[in-house]
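First subunit A sits with subunit B, and in the next complex the same chain sits with subunit C.
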Partner chain A sequence: MSALRPPFADRNFKYLMIVPAVTTILLVGLFPVIYTLILSFQNVDMMFEDTSFSGGKHYAALVSDARFWESLLHTLIFLVVALPAELILGLALAWLFLDRMPGRQVFVALLVLPVTISPIVAGATWRLLFDNRFGPINQILGWFSDEPVTILWTVDPFYVYPAILAAEVWQWTPFMFLLLLAALSNVDRSQIEAAEIDGAGFWRRFTKVVLPAIWPVMAIAILIRALDLFRLFDVIWALTRGGPGTRTETFSIYAYILGFQQFETSYTAAMSFVVILLLVISITIVLRRMEIDR
Partner chain B sequence: MIRPDRGLGLALRYVAAVAATLIFIFPIYWLFMISFKTPDEIFASPPVWWPESIQFANYGVLFKDGDVLTIWNSVVIASVSTLLAMVLGTMCAYSIARYRTGGNFFSDWLLSNRMVPPIVIVFPVFLLFVKVGLVDSYAGLILLYTAFNLPYVVWMMRGYIQDIPLELEESALVDGCTRWQVFIKVVLPMARSGFFATAVFTFVFAWNEFIFALVLTRAEVTTFPVQVTHYFGGQSNFWAKIAAMSVLGTVPIFIAVTLLQRYLVRGISLGAVKG
Partner chain C sequence: MDRRRFMISASALAGAAAFGLPRRANAAAAAAAVEAAKKYAGSEITIVWEAGLQSLDPLNFSGPKWEKETGIKVKVIEVPVAEMFTKILQEHRAGTGAYDALNVIPSWMPDLVRAGALEPLDAMVDQYGFREELQNIAPVYRDNQMTVDGKIYGFPDDGDVFVMYYRTDVLGDPAIQAGFKAKHGYDLPVPPKTWKEFDDVGSFITEHTGGKPYGAAFFRESAYGNFMFQERFRVEGGKFFDPDTMKATVNSPAGVKVLKDWVAENKWMPPGVETWGFVENLAAFLQGDTAMTVSWPPYGRWAAGYGTDQEALSWVPKSTIAGKVGYSTPPGGAPQLAAGFALSVSASSKQKEAAYLFIQWLNSEEISLERVQLPYALRDPFRESHFTSEEYKSRWPEAPQYLAALQAGAVSGLLDLSIIQTDRYEEAVRQAISRLWAGDDPQAILDDVAKQWDALTDRIGVDKQKAAYAAWASKPNAYPHGA
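== the complex of A and B ==
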């Protein structure tokens, strides 16, 4: 048996097994990045497919494009408000449901539903809820006010951020909740009891015993949500399409408008590439800081 | 963390639990109710919280106008892309799990593909698809969803395969099975439950996805989330249609996810929590 060479398929088995997957991912993972880079140094737009070298023209234009930097700022605002809100609310909910109570499984099953909905449907739902005349939110607020409340949630520049954030936090808090509930359930209770006997107060028990134990899961949850919030598109598209004006335009929405409504092909490519770079740099830094084990 | 299990503490926790659940469920309740309301009830001010009667006229319109075809498009695209991603991804995962193919660099690179914002990917892909005629075709979206889901499938299936004891595969090899036969006859049956759990999450992603579908479909293969946004008008929103279409696209997911409660945490946390 050993004198015979095993057949080709067996010798190269491990490589043959990854070829189909890798080919597909290269087509949709690596090709876009390279093509984006090439396009960004050309002069392609709606009118002309001018593939001559444009130098760093588009990158230079990007630096002075206030709308681009504002869209990054808007993205950042959503990120720094929604992420802690989801984390804290999720943690509070996980805490609430940690111990047994009658019907706990039913509660958890219901709470998880928002995560599974298409973000477009979530956005549409909140658009109905926030409607100034026919939605229940102004109605409920009216119960606590002397006069009828008629806030134009998706139009008013002041209220549009709370509206989008409400939809976003509503949909993804259960995600945090689910992961943190699983992590908290795995914490060794005897350690907490020991800390309590040693006289550690609630806050000390939480930061010294519970938090280190749930951190690996929490770090992954934060990372997943941060990446999702960075690409925020669907919910805003359903609620405001970036409006009023460009007030709630995230990077993804600006790139969509530039690329698919104004057909500034090369300029959009330059912008995409800058964002990929920013993303790679920040992920590298964050991963180092978080020290997530594989 | 240590709390009395009965008495006032439990009662307070119970009240808080019911309140929190009601708040999170209310938007879904509202969406479903609008889909059952008559136009008069939808456009009543103050709003009606409970319709006079449950009627299905809003759904009837969607069936009559053929709008439900977009649900069918979603079924085709999500199913085929899920099947492809699962087959290719599980093969790749097996190679990584058992032969460490490509080392850590390869698995990290695979996962990093999932981190690029979709808008960045879809832009050059759109230009490519225009050239090769894949815009507004089943094949185009299926290809894109397959590729986008692959890193997730590989990551999850690698975890499930690593949980399988190695001895069975070794003895199958000794018995004269080829490596491919070992994969098909030993590994796949053992990884069955993880396989189906991963498949459902892959399906849910493709089902709910919006940006790719918005860019790459026109009229022929519009998926249901894109169809929902078509009802947003400048002047009047077709609320009844928005709600009914949303419900049609949401119920199948609710059923699937409820059946898979057991795998939920592991599935959405990239396996960070073994459930």
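== the complex of A and C ==
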């Protein structure tokens, strides 16, 4: 009988089938990482392509590069503030749109529009909105205060973070909203009703019935947005270019300036590799804590 | 141009040389380039050009004209100015040969030459007889923006220089003049010649008119402010480095004074001026909201309404001040040359000769005079013949004064700092300016800049940078004359 078995029944055949996909992923994903690692031990910059081994001097320099650590801190600030804001607002909106209402589909479509806009365009648009001379935001605030408002949203250290966060949260809350709306729509209504009959209040129903049901989707949404926020670039570039000074400079902006404007190629590679390592460690820990890797 | 016309031009050149008529001689460099380029008819060359209005020159005028005369197509690669250096260097590193001719900001030239990205042009300049015409480029551009280590790498092609624009009706208002004299005890200077006078006049106008118009405004946004800082710092007597030790001296009292003066000036300038760039400042001046400003040459043309009825300039606010604008060098008399462009050939080009011939033709006396008069294309006069052109002088009533201001700037203009990895030094200045608007202390800001500059110099190599700085500082327009 075994002689009659078709070749695809061979136990190794399944591995053969995934070879092209795995090779592609390795080439596209792993090769740049390895190349980055190699570059980080060389001495390639704007002027010279010195590919000889230069030791770990770039890594040593990173330790005392205050701008690098500050850029990581700024990235974390955006992450820590924007992520919960988007999650809570997205969840609240999803809850609101859970019930049938007239024009629901139209409103959902309108709410999702910001996600479809390129982040750099969104940033440029917000820059115009915040513009001191022509922007409507100061003018609207002026109506309420009865005198001209001249807040320098992209310059004043007090307002610059709220301005960037407003643009960021405006654009990406709908992403959370969409995913969470889909997740909430699949929650078994009978379980909620049963909990209600048992006397559970809103908070208890939410934490004990709804949250466990939507958690797998919510966790993925959080992870996607966290990774997006970690590489936050476009909106800040359009609004402040990392300023004033370097007060809003994220890691991505610093890496772009060093790598692609100043051509400190090897140093940027070392910087990127350190961040890759930090990210891999963080994601592994987070995945374990979220218990969605099973 | 056909062979017969070329022969006529060549004969005319000989005759003109005999009778000392440079205008005739000038036609020859363009004609020679066209004649030599005809062997490449049917090919296509690419040129990197700043995106936006600048590119309308090769797209609408010079590209089609060159194709008509030589049969060579010109493909324009539009790149935002902030990305031009990156793209040029990336292309060179990749060695694709995708770019043939380049627009290069002169202060980048040493870095690009060190990276091997630019082709030396001396041999072709001699081969196609362009050296004499190059000598007619205004000295400040010719002597400072053409060569690196004695070799020609680019043809200065844009007379970028800061000009002071002032409202003659406001500064000439008898009530304002009388009030000014009563307050300050001296006649209102038209125009102000020093920054002290400028501040006195500007603050008085704002006070007298209640901000209608404001005394002055500038672009304060850091990318533009970098140029204004470099100019004013040197006018105040500042030096960027100690030439012996290469330690940064940007945090000297001159630097601190400039930043403190800026903060003080903002109080009598329009609210929010800290965020103003090219367009905001232009709009305010053209709409009559400010009485004085300093900017690049196009402001002067547009303020006079020159060409602003064209579709390409439909975004420029209609000038309400035509006929009421005076032009001069900014206070201190040593304006920043602020960027500018030179035409170069990419070292990785596979069509170097065709690319060279195109840039010789563009830069020639004959064609460049037409190009600097294109109202939409942003190329500013840079040859002596441009400043004295009767045709240009007839463009609007005050054009002779405008050209005279540009010509004065082309004598006393100050070079942008240009050393190894200049952009990294300038980036520290740009950050400093944005910190200034965020309320940080000027001395602390400049101390940080000096620290960053010193660290950079150490990283690059003190001796290497010292040599580069010495080469730059030895140029006649690195610092104000006599400084």
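What we mean here is this: the second predicted complex is superposed on the first by the 263 of 294 C-alpha atoms of A that agree within 3 Å, B and C clash if a C-alpha of one lies under 4 Å from a C-alpha of the other, contacts with A are read in each partner's own complex, and residues count from 1 in each chain.
By definition in this document, a contact is a pair of C-beta atoms (placed from the backbone, for glycine too) under 8 Å apart; a residue touches a chain by one contact, two chains touch by 3 or more.
No experiment lies behind these values; they were computed from the predicted model shown.
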For A:27, decide between first (touching subunit B), second (touching subunit C), both and neither.
first
Give one of first, second, both or neither to describe whether A:84 is in contact with subunit B, with subunit C, with both, or with none.
neither
Could you tell me if A:212 is touching subunit B, subunit C, both of them or neither one (first, second, both, neither)?
neither
Could you tell me if A:157 is touching subunit B, subunit C, both of them or neither one (first, second, both, neither)?
second
Touching A:133 in the superposition: subunit B (first), subunit C (second), both, neither?
both
Between subunit B and subunit C, whom does A:56 touch in the aligned arrangement: first, second, both, or neither?
neither
Between subunit B and subunit C, whom does A:260 touch in the aligned arrangement: first, second, both, or neither?
both
Superposed model, subunit A: greater residue contact from subunit B or subunit C:
B
Common interface positions of subunit A, toward subunit B and toward subunit C:
133, 260
In their complex, what parts of subunit C are in touch with subunit A?
85-86, 89-90, 111, 114-115, 222, 270-272, 274-276, 280, 283-284, 420-421, 423-424, 427, 431-432, 434-435, 437-440
How about subunit B: which of its residues touch subunit A in the complex?
1-3, 5, 10, 13-14, 16-18, 20-21, 24-25, 27-28, 30-31, 34, 42-47, 49, 88-89, 91-92, 94-96, 98-99, 101-102, 104, 110, 113, 115-121, 123-128, 143-144, 146-148, 150-151, 154, 178-180, 183, 204, 207-211, 215, 224-226, 228-229, 232, 237, 239, 242-243, 246, 249-250, 253-254, 257-258, 261, 264-265, 268-270, 272-273, 275
What residues of subunit A sit close enough to touch subunit B in their complex?
7, 9-10, 13-15, 17-18, 20-22, 24-25, 27-29, 31-33, 35-36, 39, 93, 96-102, 104-105, 107, 109-122, 124-129, 133-136, 139, 142, 170, 173-175, 178-179, 181-183, 186-187, 189, 192-193, 196, 205, 210, 216-217, 220-221, 224, 227, 230-231, 233-234, 237-238, 251-252, 255-256, 259-260, 265, 268-269, 272, 275-276, 279, 283, 294
Under the stated contact criterion, what part of subunit A meets subunit C in this complex?
46-47, 131-133, 148, 150, 152, 154-157, 243-247, 257, 260-263
